[in-house]
Structures are given as C-alpha cells and as structure tokens.
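Both of the next two complexes hold chain A, though its partner changes from chain B to chain C.
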Partner chain A sequence: MAVAAAVHPAPHEEHPTSTGLSSRKMLFWAFLGSECMFFGSLIATYLVYRGRDTVGPHPHEVLNIPFTSFSAFVLLMSSLTMVLALAACQHGDRRGTAGWLAATALLGMTFVGGQCYEFTHFFYDGLKLQGNLFGCTFYVLTGFHGTHVTIGVIWLWTLFTLAIRGKLPQEKSLDVEIAGLYWHFVDVVWIAIFTLIYLIQ
Partner chain B sequence: MTDHQHSTDRHPAEHAHPKGKEYLAIAVVLTVITAVEVAVFYIPAMHPVLVPVLLTLSTLKFALVAMFYMHLKFDHRLFSWLFVLPISLAVLVIIALMKLFGVF
Partner chain C sequence: MATTTAPVGVATGTRTSFAAGVWSWITTVDHKRIGVLYGVTAFLFFLIGGLEALLIRIQLARPENTFVSPDFYNQLFTMHGTTMIFLAVMPLSASFFNFIIPLQIGARDVAFPRLNAFSYWVFLLGGIFLNLSFFLGGAPDTGWFGYSNLTSKQFSPGHGVDFWAIGLQVLGISSLAAAFNFIVTIINLRAPGMKLMRMPVFAWMTLVTAFLIILAFPVITVALVFLLFDRFVGTNFYVPASGADPVLWQHLFWLFGHPEVYILILPAMGIVSEVLPTFSRKPLFGYPVVVYSGIFIGFMGWGVWSHHMFSVGLGPIADSFFALTTMLIAIPTGVKIFNWIATMWGGRVELKTAMLFAVGFIAMFIMGGLSGVMHASPPADLQQTDTYFVVAHIHYVLFGGAIMGIFAGIYYWFPKITGRLLDERLGQIHFWLNIIALNVTFFPMHFVGLLGMPRRVYTYAPGLGFDTMNMISTVGVFAIVIATLVFIVNFLRSVRSGETTGSDPWGGATLEWAIPSPPPAYNFASIPTVHSVHPLWEADASDLIKDVNRVRGPIHMPPSSYWPAVAALGIALLMSGMIFGWWFGIPGLLIMLVGLYSWAFEPCH
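Coming up: the complex of A and B.
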C-alpha cells in the first residue's frame, strides 16, 4: 500500500512510472515536440523564399481565401468532434465514441478532399512543384500537412472500427486521447499555415 | 482491474477535463476568431496593421486549442513544457533564418 501510494500508477499503465504519468502520453508529447521542429523548418523555408520568385504564378494570383477559410473552419470543427469523442469514451458511451470519431474522420476527409481540389486547381493555374520557389515551398509544406491529416483519418477509422466492435471501453480512453492529441496538433499547425501562408501574403 | 487503473483516476497535479458545453463554447470562440481574421484580410483600412493583428489572433486560436482541446491547462505541467519548449525553439529558428536571409 505504501509503495502504491508513493508511486501513483498512471491510467492504463501496466507498471508504475517514476513521474506517475503515463509513459505513452509522455512519449507522444515528445513526438509532437519533434513535429513542431519539423513544421517549423518547413514554415521557415517558405517564409525565407517568399517573394523571391522571378516567374509566376505568385500567391495572390492563385490562393483562394474563401475556399481555404471554409477548409480551416472544417478542421476547427473536427477538433470539437474529436474532443467530444474522447469525452464520450471517458464516460463509457460506446455509441457516442463511435459517432464522434466517425464525424471527425469525415470532417478530416472533407479537408483532405478540399486540399486535393485546391492542388488540382493550382496545377492547372500553372503552379508546379518545380515551377518556382513558391510552388516548391507551398506544395511541400501543405502537402506534408495533408499527409499528416490523411494518417490521422486512417487512425480515426481504425479507432471507429474498434469502438463499434466494443473494443474501446472506458479503460482504453487513453488510446482515444493520444489520437486526439495528434488530431489537435494537425489542427494547430493549420492555424499557423492559414495565417502565415494564406492571409499574410 | 484495480481502482487506480480506472480512466477517471488522474495524477494529483491533473484536473478534471471540461464538459461538452465548454468545448462547444471554445469552438464558437474559435469560429468567431477565424471569421475576424478573414474579415481583417478583406478590409483595406486594416492592412497597415494586418500582420500584428493576424499573428495575435492566430496565436490566440493556437493557445485555445492547446489549452482546452489538448488539455494542457488541466494536465500535468510537464506535458506543457514538452510542447512549449520545442515550439519556442521552432519560432526562434524561423525568426533567425528570416533575419539571416534578409527578410527583415
């Protein structure tokens, strides 16, 4: 008892940790920290080369602010549905967990679909990966973000499948919480990209 | 399953997460801020202060999502440090590279 009181085991941990915090959650926050550096380097590259193109198309000629604003709204709302999925799982609401996870995945797919439409449109407007500095830095930055969203969508559908099979009980809410951390992270990265690339041209 | 393995058990330094209504309120605030950002972009009179206003608003959105949806406001402070320190380093790298390449 004395040992158990001194080292409080984190939820869902097979063994107690020296901090009393979940090792998985700690590891995932460290991973998100490394992701900050990754996206930071891509954003820095975009900002350093912005406005140095000798040939077009330039950002103001192709970027569609109303369309991207809607995409940003969709991703923000997916963060709401994600956190509601976690709350449902923590309360043992199996149907709620599955429903909110599906809603989050569908909103994520809407965002990725919008990005595919946007990229196709830009391509036909002459913006190519190897065409100019803007095209190269823009596609690499937003493409990596879109890839992260796609991975998140696959992760969410996997959790949805587990939830409808009854394999995502209240005791496994940490699984949903960690997926949620990843999902909110791609949302905050888009908050930065939307402002720095789309609105500040 | 023992009591301390139950999902509702939290570390002493952690607090209970918000309820659904609070999450909804945050979503409304985030939507309003996004609408203001887009409005600021289209108002010519705002263009002299466009950059500081947009950076402030997006930082506010970022903080709201991190604090309430990622639960950094309620979880152990160590998680906040694991996130804030790399972000600060990334921002410093961005500023240093922009300065180095003569952006400002």
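Coming up: the complex of A and C.
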C-alpha cells in the first residue's frame, strides 16, 4: 500500500469532527473540568482546616474585605473586557481586539498587584506560610489562583502581540475564545474563593 | 519544521523505519510509533518492577533472612508498587490507547499528535527520574501510598520521598495530557456513522479511563503539592502538632487512589471485551450493558475511597456508607463477568493464546473480586488490613487481572502492530506457566495473611506457620520469571522472523482489521462509513475493506516535531531542580518556555 500522495499545504481550518465542535475547544473544556478538581481539593482542604488553629492570626484579624472586594471587582470587570475582545476579534476589528485584550491583561495585572500588596500586608501582620494552618492553606490556595491569573496575563499579552501584528484575524477568533474560557474560569474560581474565605468566615 | 513533506505512504513499524534513526523516533508524532515507544518503555519498567518483586520474595523465602537490609527492603516494596502502577500498567494501557484507538474509530491519528508525543517524553523522563533515586541517596521507602506523616522531613529526612513526590507530579502531567487527548480523539474523531453506541468496547473503556484520569489526578497533585510544601518550605499541612490532621492525606490520596484502581483495570476489561467475541465468533453478549456497567463503575469509583481507611476509625456511619457503596460496585463488575461468560456460551471458542489470557483474566479477576468484596465488610477488613491477605487480593486483581488482560492484548494486536504472529506454541507455554505460577505465588498469601503475617515487614520469626507458604510463594515467583522469559524470547524471535500475516489473522470485527498489517502512516486511505458495532462481520465487509484502502486524493499528515520532546525535557529539568538545585531548575524553565512557545507557533499544517 505504498502510495505516494502529494501533500497539500492545507488551509488553517480545523478538520470536520464527529460532534461538529472544535477539538481544541473540547480539549480545553476537559482541562477546565480537571482544574475544577484541582481547586476543589485546595478549597476543601481550606474548609476542613478552618477553625482548627490554636494560634493566630485568625482570618477575621487579617482579612481586609473592602480592599479585596475592590480587587475582586477588578477581576470581574476583566471578564467583561475579555468578552469585548472576543466580540471585536469575531467582527474583524483589529484595533478593538488589541485594545480589549490589553485592557483585560491590565485588569488582571491590577488584581495580581493587589494580591502582592495583600500578601505583603498579611506577612507583616504575622500571617506566615510556615505559621498556622490558616496561613498555609490561605497562601497556597490563593497563591495557586494568583499563578493562574499570571499565566492568563502572559497568554493575553501573547495574543495582544499577535493582534497588533495583524496575526489575529476573524478566522482565528477561536484562539481568543479559548483564552477567554480560561480567563472566565479563573474568574469564577475567584468568586468561590472570595465567598468562602473572605465573606463567610 | 514547517515543511509538510512528511513521507506519506511509508508504513511504520517495519524494519526499514526501525532503522530510520533515533531522530525520527524523537520527532515522531505518529500515534502508532508513539504506541510502540510506550509499550517498549513500559515493558522495561515492568521488568524493573518485577526484579524488585523477585528480591522481595527472595528475602521472604526463609524466616529471619538477611538477603537485603530492612532499609533496602522498604525501598524495594515502595518502588515495586510505584513502578508497577505508574510506570508499567498505566503506560502499557496507554500503549494500546495510542496504537489501537485511532484504528478502531477510523481516524488517521489522535486529535493532538504533538501533545501525544509530549505525553510519552514526559512519561519517559519522569520514570527515569524516579528510578535515579536508587543511585542518588536511596529510593523512596514509605510505601506506594506514602502515608503522612511518615513522609515528613522528620521521619524521612533523605531525598527518597522528594524523588517520589516530584516523580509522581511529572508522571501526572503525562497522564493528564494523554487523557485530554484521548477524550477529544474518541469523542471527535470517530468515522462517519460510528455513533457512541457503535464504538468498540475498548474505545468505550478508554474513554471512561481518560475521564477518571482527568478528574482523579488533580486530587493527588494537590496532596503532593501539600507534601512538597511541607518538606521544602516548612508548612504544616500534615503536621499534627499544629492542629493538622494526617488523615487529610489519606482522604486525598484514596480519593485519587480508588479511581486509579479502575484506571488500571478498565483498559484490561476493554481488551478482553475485544478478544472474547473474536475468538468465540460471536458478538459481545449485551454490548450496551457492558458499556453502561463500565460507565457505572467509573461513577461509583468515586464513592468508595474510604474502604481503604476502615482502620482509621471514621465512625459507624461513614463505615456503613462506604461498605454499602463497595458492595454496590461489585454489581456492575459481576454483570460484566456474566456478559463475558455468556459471550463464550454457544460460541465456536478457539483457544488461541490471546483467548487463553482473556479467559484467564476472567478467572483470576473473579478471585481477586471475591477477596475484594470481603474487604467491603468493615469487621472483616479490620482483620485483613495490612496483612498479606490484601497483598493477595491486589495481585489477583492487578497481576491476574490487569497484566493478564494486557498480555491478551499483546497476543491479539501484535500481528496488527508488526505484521507478524507471535509463536503460538511458546504463547501457550507462557500462558500455562504464568497462570500456574501466579496462583502458586499469590494463593498462599491469603493464608499467611489470615494467619496474621503483616505486609511491608522485611522478615518474620520462625514457627508462626508462615515458613512453608512463604517458601512456596517464592518458588512461584521464579516460575513467573521463567514464564516472562518465555514471552521475551517469543517476542524477540517473532518480531524478526515470526510468521507473516495478512490484515486480519483472527477474523476480527472492528476497523483496525480492515487495513494492512502494519498499517500505513495514514491508517485509512479513505475514511470508512460505519453502520454497525462489528463492521467487518456485516455482509458488506469486503466492500468496506476495499473502500478504506483505496486512495482517493492527497492525504494530509502532520509533520514531525521535536518541540514536544524539548518541552518535556524542560519540565523534567525544572521539576528535578527542586532536588538538584537552581542550575537545573532555571535552564529547565527556559527550555520549557522555549519548547512550549515554539510548539504553539509551529505551523502544524
């Protein structure tokens, strides 16, 4: 069966699939399902260990709800700009795509900056990673979330670079959509973390 | 790498491509070649794990033996368990996923060929990293489940546990990447007409396994993250003095660990569900019920983890709940067994080696299942916990079960992979030696276990009634070694000079038998349209076979790429930097980033 067949430089579109859904998008949904178990385990550990500390500082002594509410609001707004970036890309609006991507990334950076400020503050309040259970569960859980946001920010700047060089045309809006899925997921996880750690103490 | 001049039409797996150079193997994205790489690598790890078992059994042959030191004994049983589970059975299954799944569903490759190559390289490097620990200060010695707080810096000051925890994280990346890939491949790349309920059972079980992997591995990832933080940063996740509860580790570990048991056994169940109908010349009895049972096992596997923890003392309500769910999960397993038996019933049973291993799988798995159900009862389990009875149980399920199922798959698909048959006479010797030897080895363990011999202890006193049966077990292991040698001889001989075969030596029902052996790089010259669960047993099968092998136009195949291997190397260096220092970690990080970015921007069409 050695058949020499010419190989075509195929156009950049995905092969037809059994379900009609994009394979890349499906992979990403599966990845997010996996991420749910990852954050689920981290959050469950935080909840299991809540209230077991014999030494402080305790959550109500360090958590600054107004400040974190503000950074949570910033992160939520970044989901809006992400949606606008995708819409712009789907309409072939190059400047709009780049602009909204940059806005999303900047909002994400604001959130990460807020987290750095918060961590520093808590550290000087005596909350240590090596200290009590609240310390280690809090830092590791929110730290992993912050890492996710940081990876998202890098991803968004990568897309931004593509967009301003005109390499993110309408046909490639899936690239933006998948980054958006990730971004919205990280956002939703923060709603859960914010509610469970900050609001319900 | 942007060139798209991939040599379409060159059959892989033949002698020419074996000689085509290491580079073509490093850069390959062909699912068939990656499947071969997985299989060979995993089998070598299987031999290493077997060697560890052999040393364990020599030590236990006589009471108060001093063949190995207690410390080394601890390393041996830890690495034996870890190796067999993560480096042998899982990747051996992955080897079949790779080679067979695209062929069974009528696809030209997996959905993400480069991600597939990446999975393999991460697996290889993770396995090597884990085994390096033997030469760098001692292997992990805390058991394959690494109970906290034995794994703490206080009680395990060396690097063994670090190698274990980091190695498992690396291997987890490989398993997750592969599982995402196969979920999308199976859901999205099926040939036209192959509805979900027309998929071969092996494809179904692979799908369920892949879902279990993506949901179970993050849990152990988190458990290991806590452990690594405790050991490297000095946090208190598992430190009782700070109010932490070491049972947290057990919950997280077994919440992963029990689905993991099904990750190990479901692929083997899928394999025998292919082999039994072929050699009974009868469709699988109750196909939908077998599929639904597999899915049900997948769901229920999440609700039984605390039966590993009855001796913790979780209280009567928790114990009762997990006892009930454990008994419940025996039902779909029993349903499958009856379906397999009913498949053979009234069929024209042909006892080729593959079929013998499949039937042997059923018999051994029933025995392992029965002792498993005994563990479902907390009072009985309390007597059996940490005794050789449990060791007997897991070896009937994993050696008698998973490994026998994998051997059935090897004998069944070897002709498809190589174009040659494994020698039938040596195969029969292998099977009979293997099944007798495994019973000689593991059956006495039930008795020494019930007599109270604890597992994971390097020796025992004479006169407790353990002596004779331990000697019998050790003799049995030598017979397993001989059986395995017979297989290796058979394999090496048949790969070079075995009887050549056509596309379909067994008269199989599924699509992989419609194309030549070994398959061409593109698998199917034309993608078939499927109308049934067993397309090659339908009246129009000869038309289908002619059709799939007729080239109609240009075939586009993905070009090879070395970036997945580069990214894998970067990740392995980055993670090992936690032990070897920043001069490994920093270059690792950079190599990983270069690898991932180059991969992402590499034209794949």
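By our rule, the second predicted complex is superposed on the first by the 188 of 201 C-alpha atoms of A that agree within 3 Å, B and C clash if a C-alpha of one lies under 4 Å from a C-alpha of the other, contacts with A are read in each partner's own complex, and residues count from 1 in each chain.
The working rule: a residue touches a chain if its C-beta (ideal position, glycine included) is under 8 Å from a C-beta of that chain, and two chains touch if they have at least 3 such contacts.
Because the structure is a prediction, the values reported are computed rather than measured.
Enquirer: Applying the document's definition of touch, where does A:Leu129 land relative to chain B and chain C: first, second, both, or neither?
Expert: Second partner only, chain C.
Enquirer: Specify the partner with more touching residues on chain A, choosing between chain B and chain C.
Expert: After superposition, B is the partner touching more of chain A.
Enquirer: What is the contact status of A:Thr19 with respect to chain B (first) and chain C (second): first, second, both, or neither?
Expert: The answer is both, since A:Thr19 touches chain B and chain C.
Enquirer: Classify the contacts of A:Cys116 with the two partner chains as first (chain B alone), second (chain C alone), both, or neither.
Expert: A:Cys116 sits against neither chain B nor chain C.
Enquirer: Check the residue A:Gly33 against both partner chains and state whether it touches chain B (first), chain C (second), both, or neither.
Expert: In the superposition, A:Gly33 contacts both chain B and chain C.
Enquirer: Which partner does A:Thr54 reach: the first (chain B), the second (chain C), both, or neither?
Expert: So A:Thr54 only meets chain C here.
Enquirer: In the overlaid three-chain picture, which partner chain does A:Ser41 touch, first (chain B) or second (chain C), both, or neither?
Expert: The answer is both, since A:Ser41 touches chain B and chain C.
Enquirer: Would you sort A:Ile151 into first (chain B), second (chain C), both or neither based on which partner it touches?
Expert: Neither partner.
Enquirer: Which positions of chain A sit in both the chain B and the chain C interface?
Expert: Common interface on chain A, chain B vs chain C: 4, 8-12, 19, 21, 26, 30, 33-34, 37, 40-41, 45, 48.
Enquirer: Flag every residue of chain B that touches chain A in the complex, lowest number first.
Expert: Residues in contact with chain A: 1, 4-12, 17, 19-20, 23-24, 26-27, 30-31, 34, 37-38, 40-42, 50-51, 54-55, 57-58, 61-62, 65-66, 68-70, 76, 78-79, 82-83, 85-87, 89-91, 93-94, 97-98, 101, 103.
Enquirer: Chain A touches which residues of chain C in the complex?
Expert: Touch residues, chain C against chain A: 4-6, 8-11, 111-112, 176, 179-181, 183-184, 187-190, 194, 214-219, 221-223, 225-226, 229, 233-237, 242-245, 248, 252, 255, 516, 520, 525, 549, 551, 553-557, 605.
Enquirer: Quick one: in the complex, what on chain A touches chain C?
Expert: 1-12, 17-19, 21, 23, 26-27, 30-31, 33-35, 37-38, 40-42, 45, 48-49, 52-54, 129-133, 135-137, 140, 144
Enquirer: Using the touch definition from the top, list the residues of chain A that touch chain B in their complex.
Expert: It comes out as residues 4, 8-13, 19-21, 25-26, 29-30, 32-34, 36-37, 39-41, 43-45, 47-48, 50, 65-66, 69, 72-73, 76-77, 79-80, 82-84, 86-87, 90, 170-171, 173-174, 180-181, 184-185, 187-188, 191-192, 194-196, 199-200.
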